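Should a chain be cited, it is by its letter among A, B, C and D, assigned in written order, with residues numbered from 1 in that chain.
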Amino acid sequence: MPDPQPHLGIYDLHTGYAKKEVLGGVTLDVLPGEVVALIGHNGAGKSTVLKAAFGMLPIWAGHVALQGSRINLPSPRIMLGHKVAYSPQGNRVFGELTVLHNLELGGLTLASKAELREGLARVLLLFPALRGRTKQRAGTLSGGERQMLSLAMALITSPRLLLLDEPSLGLAAPTTRKALDVIHALSSNQGVSVLIVEQKVREVLRIADRVFVLRNGRVSFSGKASALEDEARLRAVYL
Amino acid sequence: MLSQLFVNAVIAGSLYALVAVSFALIYRIAGFFHFTHGLTFAAGAYVTFAAHAWLRLPLVAAGAIGVVAAALLGMAIRAVVFRSLARRAAPPLVMLLASLGVYVVGQNVISLAFGDSSRPLGESVISPGLAVFGARVTEAQLASIAVVAAVLMGFAVVMTTIGIGHQIQAVANDRELSEVVGISIAAIDGLVFTLGSAMAGLAGILWAIDQNMTPTMGMRALLIGVVAMIIGGQKTVSGVVLASMFLALAQNYSILFVPTAWQDAIVFLILVAFLLVSPSGFFGLRGRRRSLT
Amino acid sequence: MDYLLHILILAAIYSILAVSLDLLAGHAGLLAVCQAAFWGLGAYASAVLTVDYGVYFPLGILAGMCLGVLASFLVSLPSLRLTDDYFVIATFGFQIIAFAIFNNWASLTRGPLGIPGIPPPTIFGWRVDSQWKFLLLAVIGAVAAYIVVNRISSSPFGRVLHAIREDEIFAASLGKNTLRFKVTAFAVSAALAAMAGSLYAHYITYIDPTNFTLTESILIISMVIVGGAGSRWGPLTGVLVLVVMPESLRFIGLPSAIAANVRQIMYGVLLVVMMLFRPQGLAGQYRFGR
Amino acid sequence: MNIRCTGLRKSFDGVIALGNISVQCPTGGITAIIGPNGAGKTTLLNILTGFLSPDAGRWFVGEREITGLPPYKVARMGLTRTFQDVRLISMVTVLENVMLARPDQTGEGLLHAILRIGVAGEEACNQREASRLLQFVGLEKQTNERAGTLSYGQQKLLTLACCLAAQPEILLLDEPLAGVHTDTAANILRLLQQIRQNGKTVVFVEHNIAAVREIADFVIVIDEGTVVAQGPPREVLNRPEILEAYVA
């Protein structure tokens, strides 16, 4: 059967900040229902790929496509309209607002109140720890809870494609594993496509189908996650 | 005597609070000190005067027109001047200077149209007023405090309960994350300028009713409001209101020691004292980018 | 004819103010809106010393400049810890405090009544009692100020100021005591403004607080910005555009009551237009905050 | 002269950036500080150069303690630095940027600036020295261009020249190779080795492990705010826990 249409396609992406080119021609894709890991050392440009794909950053060259159709000027609102959600690095939440209000803002682009209520119920089911804390100011949450809230804010719009930027930042190993399991379950049970950027490589490889390694703004390796199982291969590509 | 000073302080403090809260609302979203707030303050009063004196409208109706006019003025200045500056990625200081220019133009247009002399707003009906703890308070002053209290309470409720209030707080809290969840930053920016200018216009009207008005009244009220915002911390309405009351009390009670003409200088002496005490970054060093990377 | 001389003398005095403020705003990037406070300080120092104590004119100017330097420390040390908008508001504050002092310290400054009868200056026997002589004195003052500021800005001292203007953290990382440079620049700017104050007092022979208000400070900073901050001819261009041209409004018969408002509307509009289309000013390159 | 610190501790509202760091960089060598993202490397650099005050700890240049000194005094003690994002004065020429860095210029005194006594001679000498440094880093052709017009790699070379012009004993470089094309990176590595030849101590934070392996004499690995390993690159880089720190 023909090569399946990628849910997300990034072709020869060039972008950066002011004069500093961070991405020098990145091409990668996420097939429907697949979990793709994007790894690489700090400063390689991993976060920049997600930001550019979600329209937070002007693209210098190359383009982004969803289900094969090219998105000319990606912007958060356009991407949200295409059922894409993005959770930025550092488990960002609105610290001054309550957990509930954070979630409502996450679901801002939902069409109706009913959808919002349904979404709220769904994510609170997914993250029971948040249920008791909805009235609490998000700034007072622990690192792990903040990460859950940040993920819940992205999931409330029941996206078909999820862009996640280092959900494990600052989390202890067990919490990281739990978060990655939730993401994996989403993909396998509901066919949500996921492009996840991570520093904790061994953890993310556990749930990833395919992996792209970024080094100095270019893809230095792409292939099955299992290909990077053994240490020597990982070290050669990574360090 | 002391209770009279206290009452005067509460009246003045409530107006400072209204100016400070509305200024902080716009400052936290727009990110620069916009002096046009002083212009919308004065414009509210003078439009009300025009509607009341020339069009013979009752004071309350004229006041409503004044508030709407101030809101429209704020919105128009933002659309014409600040939006185009933002599109040219103008830094905050350039925006500040432009707002200063707009203020100077506006204030002089008002003085050309209405003259520089101080004039009352509304019939200066001499009413004995009521005795409250031994101090004289007129009905107008009581109404003014009530209106300001209602507006500030309403503002606090809107900010904490209604969706739009959350979006405003969200943009003030984390601009990038607001963009990620799909909040339209430009719409919030426009709304905040309109709402803030309306509140400033209302403050100008109430100020004019209580203490007459001159074309330059906006700058004085604005500077006191900015000091109240700096001392009160921009984040909470209550913090700014408390700081405004403190400044008003300090001003009024200073009359016991120093002639009244020192009132404005006292506000800034307090600011200087506060700035000397409050910790600032590593010796306030300015780098091209605020955060040190 | 003497009206033309009046405009030229005013232009020379305002040039001293604009050039001295440009050392701070243009070269060090410090947007200080309190130059009229130092201007007033110099004027009052000279007036009080010569009228009440009969002090010899050159001593009056020197005393005024020293007072200006002292006052600048009072202003700069607390406010230089602040960044951008907060620094601007702090300088607004000092301008208002200075005006309150001029207006209320009746025993020294005779408050709102101001100080009349300031004698024309005599320097080493040369009585400057005609407009022509005063124009010469004012121009000498302006040229001196221009030379001092340009010597500083084109020297290694100026190089450090330009570094502080764009990236103070970078300057500090190279071992420059940035606070010392900023405080010194403040002192020089204040001293020159005080000198302009002395000249102005002896020329106008009657000063009162309304000459040195916040509006004057806003006018002076507008001259520097509109003219082109941080450039050789910027401040002087600003003086030409914002002093000489509006003063000539009187020639076209605009009643003086309206002329003052129209003049301010002019520079208000110019400030806005400049920020929109040419933030570096008519003759400058430096853009604030870049 | 070497740089060392003892018991450095720093946390930002609860999150530990540095937990009791005590390291020493050998005199006259090239020391690389590596570790995964957010491990506190830049925080350490900002503390050592006086831009950030730690919660606890003391640090020394040679025998002299520089704990708590403001940045300009630290630089005067012979410890100069570059930044992760390039910092320079884009409005003035490349030459001016380097001439700015020279310490104790008489022309920086107010009276000398106005009266210009003995300033011209020193400026000429400063210019010669600056031109020599520009030649050393290979920017002599860009001498009179505005620094803002340079490419990113050239700007990195310029900041290195400015660092040297401040006549340091120790250079602290924050990711000198980040965002730079391979040919400029090789050029920078060659320059760092030459700087070491001239007897200066070089300490740099870097992610490019291959470059670290190539020129570093000593490596310090920081992960989660603590030193997990230090020693010569051959020993340290092959230890499993290093890969683990990066990858786990």
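Following the convention adopted for this analysis, a contact is a pair of C-beta atoms (placed from the backbone, for glycine too) under 8 Å apart; a residue touches a chain by one contact, two chains touch by 3 or more.
Computed from a predicted model, the values in this text were never measured in an experiment.
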{"item": "Chain of greatest Cα-centre distance to chain D", "value": "B"}
{"item": "Centre-most chain, if every chain is reduced to its averaged C-alpha atoms", "value": "B"}
{"item": "Chain A-chain B separation of Cα centroids, rounded to whole Å", "value": "42"}
{"item": "Chain A and chain C: spacing of chain centres that average the CA atoms, whole Å", "value": "56"}
{"item": "Rounded Å distance between chain B and chain C, as computed from the means of their C-alpha atoms", "value": "30"}
{"item": "Centroid spacing, where centroids are CA-atom means, of chain B and chain D in whole angstrom", "value": "47"}
{"item": "Junction residues of chain C, two or more chains touched", "value": "166-167, 169-170, 172, 178, 290"}
{"item": "Multi-partner residues of chain D (at least 2 other chains)", "value": "51, 70-71, 83, 85, 87"}
{"item": "Residue ranges of chain A touching chain B (in the complex, touch as defined)", "value": "54, 56, 76-77, 80, 86, 88, 92-97, 101, 104-106, 108-109, 153"}
{"item": "Chain D to chain C touching residues, read off their complex", "value": "49, 51, 70-72, 75-76, 80-81, 83, 87-92, 96, 99-101, 103, 105-110, 112-114, 116, 119, 123, 162, 166"}
{"item": "Touching residues on chain C, where the partner in the complex is chain B", "value": "31, 78-86, 88-90, 92-94, 96-97, 99-101, 103-104, 164, 166-170, 172, 178-179, 214-215, 218, 222, 225, 258, 261-262, 264-265, 267-272, 275-276, 279, 287-290"}
{"item": "For the chain D and chain A complex, residues of the former touching the latter", "value": "15, 36-38, 85-86, 151-152, 155, 175, 178-179, 207-210, 237, 240, 243, 246-248"}
{"item": "Contacting residues of chain A [partner chain D, same complex]", "value": "16, 19-22, 41-44, 143, 169-170, 173, 199-203, 216-217, 231, 234-235, 238-239"}
